[in-house]
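Several structures are given next for inspection.
After this come two complexes, each holding chain A, first together with chain B and then together with chain C.
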Partner chain A sequence: MTWLIVTREVREFYRDGRFLFGAGLVAVLFITAFLVGYEQRQNVFSEREVAQQLDYDDWINQPERHPHDAAHQGMHVFKPIPPLSFVDPGITNYVGSTQWLKAHRQTEVKFRPAQDATGLQRFGSLTPAWVIQVLGPLLIIVLGFNSFSGEREQGTLRQLISLGVPSWKLLRGKALALFLGAFLLIAPLLLFSVWAVSGDDLAGSRHDTLIRSGFLVLGYLVYLGIFIFVTLAVSALTATSRISLIVLLAFWIIGTTLAPRALVDVARMVYPIPNQAEFNTQLNQELQREYAEAWQEHFGTDKRWGSDVPLSRWGEALRVDDYAGYDAIDRHFGALWDRYEDQRRLQEFFGLLFPMLSIRSYSMAMSATDFTHHRDFATSAEDHRRLIQDLISSNLTQHADGHGERHFDYKVGKEFWSKVPRFEYAAPAAFFALQGSLNSLGVLLASLLISIAFAFWSSRNLI
Partner chain B sequence: MKSFSLILRNEWRIMIADKSLILVCTLLTLLLSYGFFIGLSEAVSRDERVRELVSQQERGQSGIVEQIQRIVSGHEKPDVFANPLNPALVGSGLGSLYAIMHSGALSPLALGQSDLLPDHYRVSTRNKTTFMYQTENESPWNLLTGRFDPVFVLVYLLPLFIFAISYNLLSSEKEQGTLRMQLSHPVTLQTLMFGKLFARLVPVLGVTILAVIVPFLILRGDAVMVSGQLPHLVVAIIIIGAYGFFWFAVTLFVNSFGFSSASNALILVGTWVFLVLVAPVLLNVFVSRMSPAPSRIELATETRLITIDGLNRYHELLSSDYRHIKDSSMLVPSDGKFEVPERLQAFYLINKAVDEKIETLLGDFESRLRAQQDLVERFGFVSPSVLTYEGLVSLAGTGTRRYQDFKQQVNDYHREWKEFFEPRIMSGQIVTVADFEKLPRFTWQEPDVSILLAGSLAKALQIFLATVVLFALGFMRLAKVDVL
Partner chain C sequence: MLKANSLTKNFNSNIALNSVSLSVSQGEIYCLLGANGAGKTTLINHFLGFLKPTSGEVLVNGKCVTSNPLDTKRDIAYIPENVMLYGVLTGLENLEYFSALATGRKKPRDVLRKLLADVGLPAEAAERRVATYSKGMRQKVGITIAMAKNAKALLLDEPTSGLDPKAANEFSRLLKTASENGVAVFTTTHDLFHAKETGNRIGIMRSGSLLAEFNSDDVSHADMESIYLKNMRD
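== the complex of A and B ==
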């Protein structure tokens, strides 16, 4: 019986051309988005790979020089591109891609691609994720808004019920038909991912990418599922197809365009962040305090790099100075980044009403393009910088400090350069993403359950 | 004409009775006011931040001047790395000044690129990569989402309100069976439809324009007048008006086919999805493929290579020992001369070399971005939303071009700054109190207003053209009886 309903619904979709037209349009956009994203990723990926290699080669082959000067040259590390970034680039365009590991101070991850684009990008980017998140629900609404109300208008609903078809079976059949439509939308995502992974010897193990793809598809099915049940529920409740359509469109528009922006304001109000100037002032004040304390403790003076500390102790001083700052830097950046995460989490909770808010963040996490993944990269790049600094300062303490006044005559060569390991960044595994997405996934599942309950409740009495 | 005004009055009476018009106008006013509130609070906090930076800078400068006086008069011994007499240190950070672009009077209208691109740089003798990439603290998630500013309400939501109130202009009359009755009066279908349309258009656009103008005049009136940006406001209103007319023309055109209300709603939302959501995104793909940004990775690699080259070239200078540490009398000038530590000279030269080398690369970035912006303007006609957004953002002074002009001016200022310090660093002249008076200062030059206004008017004109075409097509279709 259920299959009878499903086939009848699907046939109806095809007959009035709605499905072919809507899904066709979505599919064209979807495939374009895939190809554009995939090609871009391929280009940037190979470029970064080469640059990273060259960078390390130059480091190893630099001539003999004072280690601290070498630290001024530093090393660039480039953020690897996650395999699934072509499905959902997430915040990639709004965060930097390159970190210059240099002496003295933690540097920001620089070069946001968004800075090299026009204001048009603020309308959004054409990505497969965008197509599913924004246009997917619309397609479902267009297909399903008259599921019940249309039959009611034509009088066929009464006939069906009089035949003894239980309303829950009707609901199940119609939902399955819509799911079929949704799956057709998602199927290319699955296929493309598998294809991309199979021909891919790029970063991240295939296994991990497959797990991520699986969860991604699952998340999107839940997301579209919510809209399927809401659509059916509204169609069952409303008197005419026109009202059903208007209500659903309003729900879709509020959820996909209005709510995300309004909630940015809410999040900024609940979790305010200091502006750059305030942040720097606070950080610098604390750094000055910590430096003064550390120098006082070790060298009996609170003046950094002054005449009170002889050159024969500069290697030691470098180490003391570095370590004095780490704590304050970690605390301040940590607090700022925690705030970003808090803001995101707050918005995710509103996914209960507007599922777009939770799927967006879930999808980014699964594609490894969210802030949590970015933070993981920035932290390990900074760890690498500290490692280089440690190697340099301990080398200076052991050797250069003995040179006394001629401290800067001291030089090291290849033997020392090769002690600095290559920066090997292993992107976190799928489990890491899942752990960070418990919140958004939980919200998505909860709204699916609510929408199912809503659909069953509203279809209990169809006439 | 008489029947037209009769239709108008009749429509108003109905819409006031069923409260739909009041609801739409109230919601629109509320959303626009909220957008204005967000835009204004961002503009105010940006202005405050700039004021705070300037006062911090002034405090810092006067502190340095006092310190110089103390050192010269022998009351204080300077530090090696914070010696205010040392031109290499003053130029590279100690005395750095901000280059600031002030926000425009209309900036609450559209946040545009202002949350992404910096409106101030702290210029020093170091190379551009060290200070040109400072960014404001903002969660990338928020940058990706965008903000709830007036331009968002206008570009995205205004069309939807127009649909809400006029999607069933003709179909509702047909569905209720009142159309035949109406047409039994001596009135044509065209007059009837235009009457119904104008009964909606006038209040909706009137409220929209008032909701934009009134808060500006009340809360930003002085700023608008003082900065002479009243013409900007007028042009902004023309664009908003044109955009509103366009969407009314779309509803008339769709209605003229005589479909059912549900079909009209679907077609209108489909049009909205295409013109507001999809077309700009596709145009963005097109633009970034036609004029792709050069590789930032190449820039990073180039910067590093030239730094290595500098480290090799100035090897000797860099190896010079820090005699200054031991012999602090070297930190104090004699006869206005002073021995700038050779390491610092070397770092200045390395930075200079980096700047020279990456100049073409950075220029390439800018020219590509300019080309992208040109393309956006040339092909903006694909969507009135793009035209409206671009027009309003540039009038608000938060568009890509203004930020590019700012970068260009900072570029020139950076050169001026280095020219001021280079002879002092290389010949070891000390920085005096008088020098602080003579330090080059940045003043933001607003680009040519007439170009901006003409460009924005051209955008409004393009929208008007599309509107006229749609109105004419709708009018012709309505003349056919088969609509009934």
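== the complex of A and C ==
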């Protein structure tokens, strides 16, 4: 009986042309976005591989010199491109993809763009995620706005109810029919998952990619499910299909364009973050204080790199200085990054009203392109920088400090350079993404349950 | 089978039904006559559970409609004055859908085609989209849907409106067959002749009140007309 209702609905979508037009258009956009994104990823992917290799070659082949000079020149590390980034590029284009590992400071390049990370304004960029998040609900609305109200106008609803068909069965059938539409939209993503396991260019992360796309599909089904039940509820409550359409379009516009922008500002107000100049000033002040304290403690002077400390102790001093900085850096960046996460979480909660706010976050996390993943990369890069620093300061302590006043005549070559390992970064596994998405997924599931309850309540009395 | 006990319905201050009591038993054909706005459709809507009584109650097969909205609908089939169907589906598909929903079982298409032919819908029309149908053609599909349900009671609200005389006549025959099989038929009509021909019992309503009830065998055509007009006058 349910299947009967489903096939009739689908037949109607199909015969009145809505399905071919709406779903066809959305599917074409989706596939285009998919191919464009994939193409770009392939290009950038190989570019980065090459750049990373060249940079490390430069490091290994640099001439003999004082290790600290080498540290000033530093090394560049490149963020690997997550396999699913072409589905949802997330903050990819807003944060730096390279990080400069150099002496003394965690570089700033990496968090300047990250300031925009939560203020992400991706509207207008054609990505598969955008198509599902924005056009997906529109497709559902176009297919479903007259589900009940149209039949009420037509008079067929009375006819159905007079047969003794329980309204919940009608609701279930209509919801399933709309899910078919939603499924059509998500099918390319599923196809990709299948292809991901059989493809060969994603070796190593294949399994993880499959799990991630599975969760991505799940999340999007929940997301579209929310719209399906809201659409049916509104259609059941409104007297005419014209009113249902107006109400639903208003909800769509607010939920997919206005609310996401407005909530970014709200989150910024609730959890303010310093601008870059302020952040740097504060960090510098803190660093100076830490440095002074450490130098005072070790060398009895608060003047760094002055004549009070003989050159024969500069290797040791470098180490003291570095370690004094690490704490301050961790504290400051940690606090800033925690703020970003607070902002994100706040927006996710508003997903109860506007589901796009939680799916946006969830989708980025599953695609490994959200801020949490970026943070993981930045932390690894910083660890690598510290590894280089520690190698250098201990080398200087062992060898250069013995040279006394001729400290800066000390030089190292290839043998030392190759002690610094390549930067090998593996993006965290799907489980990491899931842990970070408990909040957004929870909100999505709660919204789905609420919308289902709302739909059943609205359709309890259809005449 | 169908029973109304002192049924009263007010729409705000407007009294649409005023303490109406009537009953239709199995095998009986009850024809309700009355001017426009008398309350006939309102009464039928109560049997269908589309309206809630202000006071009194309506029973189908002994069960109160208000408290058993689904159960009571299973026992009745309904033909409205204007049968509403899905325009993008063919007549056959409409019949297939509605009758499958009503009975929970999908009937073979050939059986359905035969049913449509029985009420006089041309075979060619059965395969056309309903959007292209005339009113009478839709009415015929509606009649088939109701008949295919094999319900214990038929509720008919001016079912023959839009039917040509031949089709109306065939429909009367269908009703008689149904009542012979023990179906209770409750129908509203404006056609005194038709009421006398098909009905066993006839009721006359005006302004929400049931004014007269009699057996059709007890009166002649001429009597009926005068009784009707007398009740409409004062």
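Criterion: the second predicted complex is superposed on the first by the 441 of 463 C-alpha atoms of A that agree within 3 Å, B and C clash if a C-alpha of one lies under 4 Å from a C-alpha of the other, contacts with A are read in each partner's own complex, and residues count from 1 in each chain.
Simple rule for what comes next: contacts are C-beta pairs under 8 Å (C-beta built on N, C-alpha and C of every residue); 3 or more make two chains touch, one makes a residue touch a chain.
All values reported here derive from a predicted model rather than from experimental measurement.
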Chain B versus chain C as contact partner of A:S162, first or second or both or neither: second
First, second, both or neither for A:Y38, with chain B first and chain C second: neither
Which superposed partner A:F349 touches (first chain B, second chain C, both, neither): neither
First, second, both or neither for A:R268, with chain B first and chain C second: first
Which partner reaches more residues of chain A (counting touched residues only), chain B or chain C: B
First (chain B), second (chain C), both or neither touched by A:E47: first
Touched partner set for A:F456, first chain B, second chain C, both or neither: neither
Partner chain in contact with A:F179 - chain B first, chain C second, else both or neither: neither
Touched partner set for A:Y326, first chain B, second chain C, both or neither: neither
Contact residues of chain A, present in both the chain B and the chain C interface: none
Residue numbers on chain A that touch chain B, as the complex places them: 29, 32, 36, 44, 47-48, 51, 54-55, 58, 62-63, 65-66, 69, 72-74, 76, 78, 90-91, 93-98, 100, 108, 110-126, 130, 134-135, 138, 142, 145-146, 241-242, 245-246, 249, 253, 257-258, 260-262, 264-265, 267-268, 273-277, 279, 281, 303-307, 310-311, 336, 339-340, 343-344, 347, 361, 371, 374, 405-409
Chain C contact footprint on chain A (complex, rising order): 1, 4-5, 8, 11-12, 15-16, 154-156, 158-166, 463
For the chain B and chain A complex, residues of the former touching the latter: 38, 45, 49, 52-53, 56, 79-81, 112-113, 116-117, 129, 133-148, 152, 156-157, 160, 168, 260-262, 265-266, 269, 273, 277-278, 280-285, 287-289, 293, 295-301, 304-305, 307-308, 311-312, 315, 318-323, 325-326, 328, 343, 365, 368-369, 372-373, 376, 385-386, 389-390, 393, 399-400
Residue ranges of chain C in contact with chain A within the complex: 48, 50, 70-71, 73-74, 76, 78, 80, 82-89, 93, 97-98, 100-102, 104, 106, 145, 149
